[in-house]
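In what comes next, chain A is part of two complexes: it sits with chain B in the first one and with chain C in the second one.
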Partner chain A sequence: MSAAPFVDTIAEAYRAAAPALPGAEQRAVAARRQAAMEAFRRHGLPNHKLESWKFTSLSGLEKQAWSLPANEGGIDAARIEAAALVSADSYRLVFINGRLNAAASRLNGLPDGATLLPLAQAGDALADVLAGEGDDKAAILAELNAALASDGLVLRLQDGVVLDKPVEILAFGAPALVNLRHLVLLGRGAQATIVEGYRDSGIAAPGWTNIFCRIGLGEEARLTHVRVQAENPAAYHAALGKVSIGAGARYAHVSLQAGGNVARHELHAEFAGSGAEADLQGLVLARGTAHLDHTLYLHHAKPDCRSNQLFKHVVDDRGHAVFQGGIRVAPHAQKTDAQQLSRTLLLADRAQIDTKPELEILADDVKCSHGASIGDLDPQQVFYMKARGIGDDDARRLLLSGFAYEVIAAVPEGNLRDKVEALVEDWLKAGAA
Partner chain B sequence: MLEIKNLHATVDGKEILRGIDLVIKPGEVHAVMGPNGSGKSTLSYVLTGRDGYEVTEGDILFNGRSILELEPEERAREGIFLAFQYPVEIPGVANATFLRSAVNAVRKHKGLPDMDAMTFLKTAKAKMKQLQMDEKFLQRAVNMGFSGGEKKRNEVFQMAMLEPSLMILDETDSGLDIDALRIVAEGVNALRSPERAALVITHYQRLLDYIVPDVVHVLAKGRIVKTGGKELALELEAKGYADIVADAA
Partner chain C sequence: MPANLETIETVRNLGGEYKYGFVTDIESEKLPKGLSEDTIRFISARKQEPEWMLQWRLKAYRAWLKMADKGEPAWAKVSYPKIDFQDIHYYAAPKKKTLKSIDEVDPELLATYEKLGIPLKEREILAGVAVDAVFDSVSVATTFKDKLKELGIIFCSMSEAVREHPELVQKYLGSVVPITDNFYATLNSAVFSDGSFVYVPPGVRCPMELSTYFRINEAKTGQFERTLIVVDKGAYVSYLEGCTAPMRDDNQLHAAVVELVAMEDAEIRYATVQNWYPGDKEGRGGIYNFVTKRGACRGARSKISWTQVETGSAITWKYPSVILQGDDSVGEFYSVAVANNAQQADTGTKMIHLGKNTKSTIISKGISAGRAQNTYRGLVRVMPNAQGARNYSQCDSLLIGDRCGGHTVPYIEVKNRSAKVEHEATTSRISDEQLFYCRQRGLSEEDAVSTIVNGFCKEVLQKLPMEFAVEAQKLLGVSLEGSVG
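What follows is the complex of A and B.
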């Protein structure tokens, strides 16, 4: 370990990588990246002194020197196919070492009015895509991402365009610092399904994946957004998503976190118009010493919107799950319907969950509720299964998959849901072994 | 087949079964009747090995072998089936998935290969038809949102699929209307055979009109206080438990 402060080593990595980052030749882009790097350097990593980072520490990152991946790298085609979450009938962007792997990707055949690009090819739009989220330490990883983003997804649908196939982002962790930045903008009445998969490249060295994703939904737009984080057990993964939901639009999000050493998926969603809906569901599967965090912040800024959060956690060994669910209902956001439920099964004495609902309700005519349950498997259910001849391991596995199923069922039916279900089943089976 | 010898059992340190002797031979149907709280369900749980039900004295032999040391799943695989008084709801697990796991666990124990999905489905549908159950119950989560009667039917359906040698029915009649009772009883009767025995626990005589027992026992305060033929059930119906229990005391 070098004696230089952590932020300086990152700044050094930035200097080394900057000339090869997309948009390096554009002055506005270069200036934006430079400013973002300066902001990160000022603030450093978010830490427990911040309310929203009380339960999750990234200090492990400071124990090693980080650099950006040296090259594009390659991954076995069979491994890519095995990790894919959507069948051949999809658009697909495969990122290896933070760069698009064109050979494994599929971007052709888009309907009129649809733009689908890797960020590195965003050209003049790059400066916009890298636009900042403000000088806020709690969101400083988004600035780090703006400084270092090497690629990502840019999807734009014009009004009324319904994307015929899901878009899959398939990213493989690298033993380095990888920054992907995604932008999804749906025009009025446009519809799409996007699937983000962060998978294990098979290289067990610790990596650090830092994701920023911005989503804007126009009026009456529909987006289904499935996210799967199943990186290797040494990996650090931090993601921040910002979602703006237009009037009458619907955002359905399902997040599965089943890998990584320390991983956090933070999502801020805001209703930008009335009559909109958001369904946010998540499943955490934590074993070993995995620390997996969902931090949500849902802003009911407009009246007549409905939101539902359902997050489930299965924690074994010395795993640690975190669920922070913030809901803010603005003073004029009457007729808000906001529900939140967190459910947790702790399977071992040293398994942990920190669950923190945070409701700030400033309107009076609203329906809001939240609840949290924490427990072990129900002994009555276990006995019922055993009384039918089912052994202890199988009974527990069946009950756990039953527990997880409610979230899995929120994934669109078909090939994608089957894959997500198989991933969950594999995780459960690995525990029984 | 089943031999219960001087069985004493406690729940939470409280003695509930206080010396039960009972022998059931292959092909026989025994009814156990008794007032609420007499220990009928406790007996069924002790037989199936539920956690927290501790045998403090006596023994249970099944096919000549003590089963006290066997886990619930081992007893089930050996052929003991309990139709629960209160079937348990299991969210997120399809009835078919659950039952196929059970069928294959029992088959494995018998040295048989797994039943493939097609055969399972065909067999299950045939049995459901007998019990006048809609096939959609296969895809629904185990007992979730089932009515009381549907749950009881589901118990008998599971029993028909698992083909146990000892069928223990705990108040399978409760919550059933007369038509459902008849269908369920027919389902049980269809399973009666010279090799198979049944222990029918009930509070009311009504069920025994349909599943006619060879022997009737009256359980009170954790003891069998009277044993007789099927006419004992009628006597109980006429006189009520109070007299018989008092006579025996």
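What follows is the complex of A and C.
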């Protein structure tokens, strides 16, 4: 098997790193990590033979030997501030080389009933945090993550706790395999905002960031979850998120993908109670040879839930965007309202998009729809602006801004939205130059 | 027009339970069950085929054996007990074969046609429809041949075409659906029994709708129809295919292949009404329908249009596709798929845009009732050289009852910036308001559902030739009987 040397190098890296990984001294944790590594060795990387990986290949990863990052690593403070998406008024966890950088992080001043920790300090809870996703090749990167997770975020809010400030995770890529694992559990009526930023560390060598994130929302809880992936053009990024949404709870997610060589953000959300809502939005900016993938599965397991998905793609050069959006409505999940829209602008001859919306509906009293549109900017709109004295480049950029803004508008107002908007504008300007 | 009245009369007889549940008792010649090279040699010899045809079949059989090792395709959203391919008759033919005139046709066979509503005796008044009636696997009667011959149009059975027009068959057979295309197409290539062959020469507009009624009659007989339609430069043909099958308790396998070739400026319209036995309410019996249908728009400005009304079969696995090679070529797919009781349908289309300024339209209406599962699975692919390609897709699902499922799986792959691709899909049910409105005006619940469903499918039904449209509307009503209340 051609994949054998690759999984072996990973297994070797695991053996070397295992004694220093968090929880190595706990027998249950060590056994769990070992089992997860075995599962990954057995399956290897997911490939196009799996329906959910049909359009995205990670085979580039097999062309190089991977090691885990060295423990120590620093990034200059100005760079951290520049990359931060939320102003000083936030809780912040900065991860460099897959480890918390305590000096740059801010974890103090939490309200009562709130726990916010780096994964490495989760102690006895670690075995739970590393719990598996089952022996499934399509989700095997979650097992790889469980074996190698070096750090991450653990946030727990007890019933009714409202977090006063957003929590920001700021992770910088390393020229190595970085595994972060996050756990967010909100009790009944609890509220929080989380911002995940995966940013360029300034090191151009290819890195591989592998994220797993589990989110559980209790009844009536509210979570706003913004995710920005803007790593360097050589980076590999794979993230898998599992979200469970309790009765009457609301989950709002905005994902921006604007960097990386191959990046995939896969999100599985399930309604665990009725009357809940999910609003998932995404903006993909692909340039160069970037391959950016959003894969979503939304499971309407309970009646009377509402979901909305809006994903927009701007693809330039030889970029390749992938959108897979599955909606499943379980039998008896009546009164479901599920809407999905995917829109794409292809700006260059070699740009491409693969999209696969998927509706699986087993209840009859539902309102479900999805739409997809693909095309270049409308020449009539460009003409309209040119007729009013706006140059071709400016006209196109304005139209692109407008196209992108619909998603940006889903980011909570204020300093965070401004930062995200600036990031998008910079990307658009870089194309015009 | 008397023909219309007749069609209406025929359709009226469709009411109530499935009416075609009868078996015509005609002596038939049948090969023992099982599949081997000998089976294929026998079929080929029976049909007096030339050596190249036999070799072609054997090549397909050998390819199929390799595929069979890997198992049947399992990606479709259908489930059924494993098919034992050795437990099937691969050849059956009515015994009496060389017929000089209609009078020689077995009277019992004629009676069957009467029940099916194919009035061979009054064929001239049948609204200009020439019928190449396939009874089990051998074509026994072809009508209007002379008239077509005058125009240079060839319309005959595939076996006849293999003997009479080998140069055309050799050139085009397998050119759209290669023999190793997929599991069932490959099986078909090895054992195909018969089907229709149409060739329309350059510049000829076929003056009548060509039609074949398929009928599976012999118990436990696999039907492996093979149809090839070649329309030369600037020519036009409209082809109708309609199916009914007798009621019985054993699952029957049907794996047909239909190939269409349209040259420059040619147009092919292919309409299907499929009403095979869907099995009883518990899903026993019923036809397994695994069909490969594909058209190639080879020349510039050519057009292929598929219209289908799928109400029958226990399992439908069917994706009529168009390969848009010629610049400015057009592909269309209009479909209504109805699944009731325990039926499972996984159907859709593929539009592959290769040429410049190619256009495709997909309108799919899926209706599920009872415990049925109905899936639309489609692909729109725009290749890098397909400048200015345009696609519009619309897939709507209607659910009747809370135990059925309606699924939509469109794949959209675009590799050209100048392409414009739009897709919409909705899923809904018949609202109480709609039902109430109809009931208030004196319609029974079933009539109301039938009316609403016909409205839902209108865009597709309008695309059917008139003879079919009437029948199709009734069929929708019949298929959904017992689904409400």
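A few notes on this one:
What we mean here is this: the second predicted complex is superposed on the first by the 429 of 433 C-alpha atoms of A that agree within 3 Å, B and C clash if a C-alpha of one lies under 4 Å from a C-alpha of the other, contacts with A are read in each partner's own complex, and residues count from 1 in each chain.
Assume contacts are C-beta pairs under 8 Å (C-beta built on N, C-alpha and C of every residue); 3 or more make two chains touch, one makes a residue touch a chain.
Since this is a predicted model, take the numbers as computed values, not measurements.
With the C-alpha superposition on chain A as described, chain C and chain B fit side by side in the combined arrangement. By the document's definition of touching, of the two partners only chain B reaches A:402; chain C does not.
After overlaying the two complexes on the shared chain, residue contacts for A:361 are found with chain C alone; chain B is out of touch. In the superposition on chain A, A:385 makes contact with chain B only, while chain C stays out of contact range.
When the two complexes are overlaid on their common chain A, residue A:422 makes contact with neither chain B nor chain C. Of the two partner chains, neither chain B nor chain C is touched by A:102. Of the two partner chains placed around the shared chain by superposition, chain B is the only one that A:394 touches, whereas chain C remains out of contact. Of the two partners chain B and chain C, more chain A residues are in touch with C. No C-alpha atom of chain B lies closer than 16 Å to any C-alpha atom of chain C in the overlay.
Residue ranges of chain C in contact with chain A, taken from their complex: 75, 384, 397, 399-429. Chain B meets chain A in the complex at residues 48, 50-51, 71-73, 76-77, 81-82, 84, 87-88, 90-93, 97-99, 101-102, 105-106, 109, 141, 158, 162.
Chain A meets chain B in the complex at residues 379-381, 383-392, 394-395, 398-399, 401-406. Those residues of chain A that touch chain C in the shared complex are 51, 55, 331-332, 334, 344, 346-376.
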